[in-house]
Structures are given as C-alpha cells and as structure tokens.
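Encoded as structure tokens, here's the structure I'll be asking about.
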Amino acid sequence: MQDKKIPIGILGATGMVGQRFIQLLQGHPWFEIVWLAASERSEGKSYAEAVRWRMKTRLPENIANMQMSPADPANAPKVIFAALDSGPAKELEPKFAKAGCAVVTNSSAFRMYPDVPLVVPEVNPDHIAILEHQQWRKDTGGYIVTNPNCCAIGLVMALAPLHQRFTIDRLFVSTMQAVSGAGYPGVPTLDILGNVIPYIGGEEPKLEAETKKLLGTHTSEGIKDATFAITAHCNRVPVEDGHTECVSLSFARKASEAEILDAWRQYSGVPQQLGLPSAPPVVLIYDERPERPQPRFDVDAGGGMTATIGRLRPCGLLDWKFVVLSHNTIRGAAGAAILNAELLKAKGFLS
Amino acid sequence: MQDKKIPIGILGATGMVGQRFIQLLQGHPWFEIVWLAASERSEGKSYAEAVRWRMKTRLPENIANMQMSPADPANAPKVIFAALDSGPAKELEPKFAKAGCAVVTNSSAFRMYPDVPLVVPEVNPDHIAILEHQQWRKDTGGYIVTNPNCCAIGLVMALAPLHQRFTIDRLFVSTMQAVSGAGYPGVPTLDILGNVIPYIGGEEPKLEAETKKLLGTHTSEGIKDATFAITAHCNRVPVEDGHTECVSLSFARKASEAEILDAWRQYSGVPQQLGLPSAPPVVLIYDERPERPQPRFDVDAGGGMTATIGRLRPCGLLDWKFVVLSHNTIRGAAGAAILNAELLKAKGFLS
Amino acid sequence: MQDKKIPIGILGATGMVGQRFIQLLQGHPWFEIVWLAASERSEGKSYAEAVRWRMKTRLPENIANMQMSPADPANAPKVIFAALDSGPAKELEPKFAKAGCAVVTNSSAFRMYPDVPLVVPEVNPDHIAILEHQQWRKDTGGYIVTNPNCCAIGLVMALAPLHQRFTIDRLFVSTMQAVSGAGYPGVPTLDILGNVIPYIGGEEPKLEAETKKLLGTHTSEGIKDATFAITAHCNRVPVEDGHTECVSLSFARKASEAEILDAWRQYSGVPQQLGLPSAPPVVLIYDERPERPQPRFDVDAGGGMTATIGRLRPCGLLDWKFVVLSHNTIRGAAGAAILNAELLKAKGFLS
Amino acid sequence: MQDKKIPIGILGATGMVGQRFIQLLQGHPWFEIVWLAASERSEGKSYAEAVRWRMKTRLPENIANMQMSPADPANAPKVIFAALDSGPAKELEPKFAKAGCAVVTNSSAFRMYPDVPLVVPEVNPDHIAILEHQQWRKDTGGYIVTNPNCCAIGLVMALAPLHQRFTIDRLFVSTMQAVSGAGYPGVPTLDILGNVIPYIGGEEPKLEAETKKLLGTHTSEGIKDATFAITAHCNRVPVEDGHTECVSLSFARKASEAEILDAWRQYSGVPQQLGLPSAPPVVLIYDERPERPQPRFDVDAGGGMTATIGRLRPCGLLDWKFVVLSHNTIRGAAGAAILNAELLKAKGFLS
C-alpha cells in the first residue's frame, strides 16, 4: 500500500490482549510496532523481562529487546493500540487522545459514550464518522475508537446480515465463554476444571447494550440504538479460546431458512471490499453438521477472524435459533482493534 | 416401615444408571435387590464379572457375587427398575409389564405415551393414576411408570412452584450438560476435552415435550399438556456430573422477585409429606451468591436429590431469568426412578 | 476422652489449607476453634467476610461469625495450627513458639531444622521427642512441629513399612500433582487446562530431603537421615485433588512380592493403636486392579487420610516399581497437622 | 525431485492415524494417495461416508470422494502406509508384503521381529538394510518396515545423540501420555476428565523393548539390542496431543552438562542431510525455561516433527535427568511412517 509503515504503540503490551497485538502485528504490511508501555513496574525493562509470554508462537527477537516506555503520550507514536483494564483505560486513553493520538482500544471504558465509535468493520463501518464529534478530535486531532466485548462481536457478525434484511425484534442469547476472555492469570483452575460458572461480572449488560449500539443506525444526532428487545445469559466454561453462543430470535419481516442461509453466505463487508490486510476473505461460515460449530475445531477459521455458525432451526418461542462461535482474543479483541485501525487508515483517519 | 422388604430387580444393571441404582439402593429400607439382568453376553456371569464398575463407592460384596439373569420376566421379581437404552426398552419393558411387573423405568421409550405416567413425585404425583388406563394393568396388574430426561427434571423442579402460582406462558432454556448424561463409555475425551458440543441428539425435543407433560394437568381424558410456548438449546460441556440450565420465562400473572423466592423456599411436596426414604428434606435451595449454582460445589446437595437455583434477575425479553442445577444421574435418573417407586409403594401400587 | 476441649487457633485461616483445617475440625472431639488470624487486611472482619470459602461443605455458622484476630500471640490460645506461606511462617511461627504456643504447622519454613520434628504419626512418631531441644521449649514451653510436603507424605506412608523390613537403598519417584497443591487462586487455567507442567518450583529438593528425614532414625544426636539415594521428578497435572506418584526402588535385603504386599497390608501405627480421632483405620489400601489407584476414584479413601497403592511389579533397573496416591490437602496438609496435634496430645505435649 | 509422484495406498485410512496420513500427505512432493482401505463395513463407500473426520484441517475434496477399496492387495498400489490395530495388522501386512508391496506401518505387530526394521530415520537409518532378510523381499520384493510406539520415538530422539557419545548404561522413564494415543473414540471422558490413569495396557514392555532395539547396532547377524538397563512407568493424562516423558539416566562415559547440551544442539541426521520433505530442519530444541517443555506450547514444534527437551539437571540417583516432549500422532505415528517412506525412497527401496 505504501513504502513507509505507520509507527504504532501498544498500551498494556504485557497482558494477554497486548501479547496478541504483538503476535498479530508481526509482518503487518501497514503498521510497525515502535513503542510499548504497560504498568509502572515494567518501565525501563526490556519487553522480554516485563512480559510473561503466553502465546504459542515465539516472542519475536526485535520486540523482546524493545525497552518498555512510561505510559505517557510524550515520545509515543500517533497511533496507539490499547489493551488496558477498564480502570487504567478510563484515565490513560483520554490523555493520549488529548495529546493527538488515535487510540484504537479494546477496553470497555468508553464504548458506550455517544461520541465514541463502537465498531466492527463488517457491521457498522459508517459509525466511525462520529469520532468527529469528539472534543479531542477538534482540539488536537486525537480520538478514541473502540471495539466491542468479545462475545458481542461474534454475535453481531451473525446478526448483522439478518438485521439488515429482516429487522430483528426479539433476541435471546446464552453464552459459553472461554477462560482466555478473563485474561491472565484470570480464572483459577480450581474454579473451572470440570465445572461451569454461570456468571461473568458485568458481561450481560455489556453484551445487551453493545449489541444494540453496534446494530444501531448513524443519524445526524449520532448513533440511534437498535430497538429490539434482548436478554443475555453469560457463562464461563473450561475452554481455552472461543466463545460459543446459543441464539433465538424473531424478525419484523418473516424470513425463511433459505433466506437466512443466503444472507449469511452472501455476507461480505467494507473490509473485504477494501481488502484490508486483516479482513478474512469469508466473514461467516455456515457448517451443515449438526454438532458444529465447536471451539476445538472451528475457533481458528479465517485465522481466528471468521465466525462459524451452525444448527439453524425453528424456535418454539421466537422464529429461529442457531449457534455461533468466534475467537474471543483474535476476532474478539486484538484482531478487532487491528481491523478497526486498518479501516481508519483506509478511510483517511490515520496518517 | 415394614419388616419384610420388597424384592426388586434391575434391568440394564451394568450401565451407568444401573450402577447408580445399585449404589443408591444399598441399605434401602423398603427395597431389596434380588435379581439383575443386562444384555445377553452378561448372562450367567457374576455381576462383578459383567460390570465395569464406575461408581466412587465400592461395589457391595453381595451384589458382586449375584448371578446375572436373562432379561426375561420368568423368575424375575414383581418390581423392576429399568435402565435400558431406548431400543431394548421398547421391546423389554412391555414384556415385563405384560408379565405383571411394575416397571419403574428411566428410559425414554414410553414417556410420552398417553397412558404412561411421566412423574417427578414433588411435581405431579397425581399423574401416576393414569397407569390404571394401561392394558397391562387391566390384564395382569403390571404397568410402566417413567421419569423424565435428566435435564427436564431439574427444570420442572424449579418451574413447578412458579407455574402453580403464576402460570408460565413463555419459556426459554439453554443447558450445559455433564458427560455422565451420555452413559459409559459415552463421550470420547477427544470430543469434549477443552471443548463444548452445542448439540445432543434428540435432547431438545425431549426436553420441550416432557416439560409440558410434567407440568400438565390430570383430567378425566388423561394428562393435558401445559400450554406455554417453550424452546430449548442443549449443549454438552466437560463436566462430570450436574446439568446447569439458564432459564428465561414469563408468567400469565406477574410475579415479584419476593414472590418467586418465596415460592421456591416454601416448596415442598408429597414425598416430603409422606417422608419417602429418598425424598430430600429440602427440594430447592436458592443460593444468593451471584456465581452460584455450580456443578462442582452444588451437584451433591441433598444427596444429589435437591436442585439448586441462583441468579434470579429481571429478563430483558421475558419477565425473569435464573439458573438451575441438578444432579443428572441421581435426581436425573436412578434417584428419580427410586423416588417414583417409593411414591408408588406409599400409594399402594406396589405389593 | 475428656470433657473440656482444648481451645485452638488457626494462623492463615483464610487460605485453602486454613479452610481445610476449619472443615476437618468441625465436631472434633478434642479441639475447638476459638481464634482465627490471617493477613492484616482481614483483621477485624468476620471470617465470612475475610474468606473466599472454597470447600464443598458449607461454612459453619459459628466460624462464619468469628472475628479475625491480629496474627499476634497476645490473646491467642496455646495451641496453634499454622497454614502460612513460607515467608510469613518464618517470621510468625517463632513468635508464637516464643510466646509459649505449640505451633503445629503445615508450612515448609522449619521442616529441615535439626531440632524441629518433621512427623507423619504412623511413620516416625518417635521424632516428636526432639522438640525438647528447641530453645523456645526450654524458655516458655512453646515449640514448632511440622508435617511434610504434600507429596512426601503419601510416599513415606508407602515406603515406611518397606524400609523397616528391607531397608531401601535406591529410590526413584516421579509425581503427577493436583492443582490444589498450589493453593488458591494458584494455577491459572490457561497454564494447565489440557496441559502438563513438568516443573514445580522447589518441590523436588523438598521431596528428596524430607523423605530422608522422615525415614531417618532418632538418635542421641538427633535425627539421622536415611542414607538411600533418591531422585524426584515433580509434575503438575489437571487434577483437582490427589497426588499420584510412580515409584521404583531397591532394597538392601531382597524382598518378594508377597513380603511387600504383606508389609503394606499389615501396616498400622501408633495413631491406630492409640485410636487417634483422625487416624484412618486402614493406613494403606493395596488395589489389585491394574489401572488403579486413580485420583477420581481413590483420593477420598479413609476420609482422605488413607494412601492407596497399586501396580506392584518388578522393575527393569531396581527391584520393584509401584504407584501410590494420597490426598494432598487432607492427608497431605491439614489432616496431617491435625493428626500430629492428636499425637502430641496423646503423648502429653499439649495441655 | 521427480515429475511423476509415487502412487500410495493407506490401510486403516479411517482411524485417527489414517486421518493423519491423509492430512500430512496433502501436497506431498513425492507421494500421491490413490487407494484407501479400512474395515469391511466401509467398502464401496466414499471416504467421506466411511470416516468420522477428526482433524482440525478440512477433509480434502479429492480424498472425500475417493471410493474405499477392499483391504486386499489386488488393485492396491505398491507402496502402502498402514495404520491398523495390531490384530488386523498381523494378518493383513504380510499379505500385502507377500504381494510385493512395501508396507510402511505404524502398527506394533512386527516391530520386534528380527528381520523387520524398526526405524526412526534420524536415529538408526542403517537398520533399514535388514529388510533384505525378509522372505517376502526375496520372493516378491515386498517388505514391512515399522516405526516405534509413540512414546518410544520422542525418547530415542533425545537419547540417540547421548548414546552415540557417552553410551547409556541405565535409564528410567516415566511418561504422561496424551489421550489421542489411544485413537478414537479411545479414552472415555469419564475415565480421564480431571484424572490420571497410571496404566496403559502393554505400553511399558513396548517402550522398554523398542528403545533397546532402536538404539541397537546393525551387525552381520542383524540388530543387536542396546545393553543398558531400562524401566518405564506409563501414565495417561488429560492432554489432547503430546507425550511428556521424565527421564533419568547414567552413562558409561561421564558427560558434563555442556557436553550433553552440545550433543543435543549439534544433533542432525540422514533425513536432514538428504533434505527429506518431512524432516524437520531442527531435530531437537532445548528450551532453557525451567517449566518447559509443555504440550500446549511445544507439541507443534517443527510441524510436530521436532522433539523439545528441557530441565537438564543432575540426578540424585543416576547421572542426569531431563524432560522430553514430542507429538504422539505426528512424529509419534503418521509423520514417523511418512519419514520412513521418504528414507526408503531416498535409499532406493521404493520405485
């Protein structure tokens, strides 16, 4: 695309999502990691010293030797990928935006702010426009763009093509979420080995609210949430990667099985049209086998950026029910933010 | 209760549920195992030779040395606990009923027959009366009484007190079911270790249909199914014992949180009033902790006969949502049949 | 035994081992919990507020409401069960001994001190005598008595009767240890789910050294370590409770299979002779089945106080090999300390 | 290498190892699958109908549509990869050899026959020469070549460079083996979830005997086994893929830590020199991190063909101890046979 790569920094580089950023950005055609920061106690250390590397691929040499910077905009590049806990995010992300940085974040801190885009590039690319309303943008050119919670992403990928055509009016979702969603060290083995935890703090309201914002419409007054009724049950299961979601829904305009399958199979978006580097060629796979999708076999579809759907069947209460699976730390976190950054770049919001 | 115990036999004695029967009937005050049968290849062997014992308690000496009989009513006692797969059940259970045996079965073969009681003693004890309509009963005194599918039982235990007071009109349930529900050898490790399988063959229709029959009403024309709309999503998770179910529901008559909690806490039934030996003193436990119930900690409540409920909260789509957990091979299978037999005995249907 | 129970305190009452102490001491005939302490941040709270209760049995009411004391001997009872990490133990245990307390501890801090008894009551009850050499004992009557590392206990229980009769001269042990051995939160799920970790920090030297001290002899100069050569390989596996150990060994005096089985089956010790409350009637079970022992089925033998042995067979390199399993948080930790305290009481060291 | 690929067949194509053959042979530069056979009941079906595909990669179209042949040499190609259970192997492999086929097998049936090569190409490539002594070879040109048991392969890869330089004289090994080693359906979840099984039928004698044959020397009288003493403890653990082995050993000629690490790091063999397509560039990785190797992170090193070693340290009983990990269904089964076939081809035994 261009000879010179855009220098980027990672805030919260030592956590699980931070590590995924590093893994996924290796050899990225547009972005180059030049700056890493995390908590105070890692300052001045090499990244190799600061991190407990948990990825299955080896830690790249050049990154291993990079020195950890203070979590401060001074000397930071103008494009920042953020993977902070909500607390630090609330404080640090505005600091970087104010300093003129494009903050592309996975944290939940600002997702529901009216002037902060919450974006999945295939689903609602037009929502990025609202970043123009951010005060930081007006003052310094900086801004914050967010991606959704890891279980909202897979869900809206499956829902978007249906909502476009048939307009969802009622939605039930019950999740079985992987432990990697809780970060590292995250879930103690004694809590989950051979067990299920039918509760994830704060997850259900997030999933309900973010889904309505993501499927909302961009108007002159900003994003108007989708108006369907939604309820979520969120559960933790002993799976490493991959959130599985059981969905029942009904539409304003009745849809046949063939129409739904067609909507999923046809589904493609701006990232595919623009050929964004991290865009999976196939957004959604529908697997005919009755027992699929399954985390073990399907989580890495499309390099972890494709969602896999199965079991479309009539629902005894609403119209249809099905199962959707997506990778919670790739499509659901680091990969989501990278795809957002690629969209921003393609749309001229990075430079 | 009486000096002489009722001699009973077990059909399908070597399977997981058959083993549970043997475990749970040790030292039973009313029933005594005198006859064991399974497939042809175990005939003539001692039980110890015929079985791959999988219970955590030791195989009792007297049972270990008992000789396996042919699966034939000749020489069988008049009370039979059955734990057969659906195929053999369809053929053998009528044979025993016809021969005058009371067949108290866990199999699914006859559950939905109009003249076959499908009973959970706390929930619908009056349904046993319909066994009088069975032809076998008229001819020889024999009959078949069934208990529900392992995930229907926990669900109806939580629903019954609510349905009585508020009348359920819509119901969603999404299950996370233990591997022991599939028997032994059952689920291969390579299918489920670190994985979720969002499909259990035939389970969803069973759960939907049985729930409506169990909560139905006994009329002169027989059992009239409950009329609420229901939909089920059934999933297998890597848990040894204990089915966890996420429920959303609405009522014809609006209920407050306090009324629902009160309904659960007050809940007691005929088995408790009659002091049936296997009846748990407490039918339902409501656990206030946000992350409960969990299989690891709650599955053995009440000796595996009590269901544990948690997370009652408003539902964004229907009225309320909650989580219920019950033991799938005790309350959900062998313990269910034993409690049915105890009810039959107390009501004078055994002798 | 006597009307009045001995008041005891628990140092480190909120951790996993502390919780086990509370669970196992419920209704203890000799000891009564009157004092609980943990880290500073729990001071003044009720135990229920201070603890994240992880036992499967319910937290007893009376304990739940007990107020947490400062970790200071002032106002502490004279018998203290300690379940501290090594660091705090090094500082606090002497403080309590100096103040005249009998400190019965599970921590590793003082196990290898020449004048500190390291005791498994069936194995080396005579070793408690060396506590008389402790300066605290001389000054105030206080002292420290320790039990071994969780994987040393099961091992020495299996070895003691063989060492007595045949004198071990070479010993190889490879362990597969449960996650509960690492406490709570302990091992992150992402480290161990579907995985094995062939390393536990500091475990191998501990297992090697403690085994030699436990099987050592009490002489006028103190404990003389056993002189056999030993090597240990320690591994973490995704098991909740129960350490499984593969053992190969040779003897100075050749032993037949029958002699070894006889030694194990005959094995009984001072706790059984004295009828100590926590002493299992059977110390060692030998299971003939080729695939046993297994954590899932055998860990709770004798209420978690019995070790289970299996697979005795000739070794291609040394004389014999076998497998031993024991419960790492009952016999391997809290139960071990309680049995030590019972021995001390019976021998007149508590009052 | 050559324009025309060698047509090959797979005996036992529907099992786990058969599926691995198909997966690993996709796009192979030398071999092309033209014939598939399994048990009688799959005859005539398409492969897609006959198999329960368990690989994570998709079943290739061309293979899916291939028709299953009878397990008979008539119409079979002249190079056969075999992945049969021992029973069928004993009967079928000689039939194919007699018919002039080169049978490259993963089964254990003929491994220990004096005139049958048991080969790991890096370790004992010269052993293939003994196939000339096979009667089939003399009669029809056909022969049988075997690869070792899945846990023998990783072990001998780590031992070979040490044995060459220092001559092993005593060897302990304790394994923790993945469930995929038992095939599919293989190990029931109820046997292994949260559990360890300290027994695998027949595994220990196999591991002991095969290790001595593999490290034996090729003489005019055939293969002379290595003479060291060896003992094995074999355990099953809840891991999907990857056998972890704890090793203690001593040498005739004392070796320093540096010499051992050097032997491993220098290690390369005939497959690397010949550039065989499936030969990993690096045979052995030594990982300095104390807690490695681990199945989750290291099993796929070198595409599953590289063994990873760690934790070299002095042994309290023998000279040294360490841990080795290898992939049990790639390097330990299908990949092993393919590498054997590549060696045979390079040495002129296929045509």
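In this document, chain identifiers A, B, C and D correspond to the written order of the chains, with residue numbering beginning at 1 in each.
Throughout what follows, a contact is a pair of C-beta atoms (placed from the backbone, for glycine too) under 8 Å apart; a residue touches a chain by one contact, two chains touch by 3 or more.
The structure presented is a predicted model; accordingly, all values stated were derived computationally and were not measured.
The chains in contact with chain A as well as with chain B are C, D. Of the two chain pairs examined here, B-D and A-D, it is B-D that is joined by more C-beta pairs in contact. Compared with chain D, the chain whose C-alpha mean position is the greatest distance off is B.
One inter-chain figure worth recording: chain B and chain D are separated by 48 Å, centre to centre, where each centre is the mean of the chain's CA atoms.
If you average the Cα atoms of chain C and of chain D, the two centres end up 43 Å apart. Between the CA-based centres of chain A and chain D the separation comes to 41 Å, rounded to the whole angstrom.
Annotation for chain A: residues 193-194, 238, 240, 296 touch two or more other chains. Interface of chain D with chain C (complex): residues 170-172, 174, 176, 194-199, 201, 208, 229-233, 235, 237-240, 244, 246, 248, 290-296, 310-311, 315-318, 321, 323. Looking at the complex, you find that chain B touches chain D at residues 54, 179-180, 184-194, 238, 240. The residues of chain C lying in touch with chain B in their complex are 56, 193-194, 296-297, 300.
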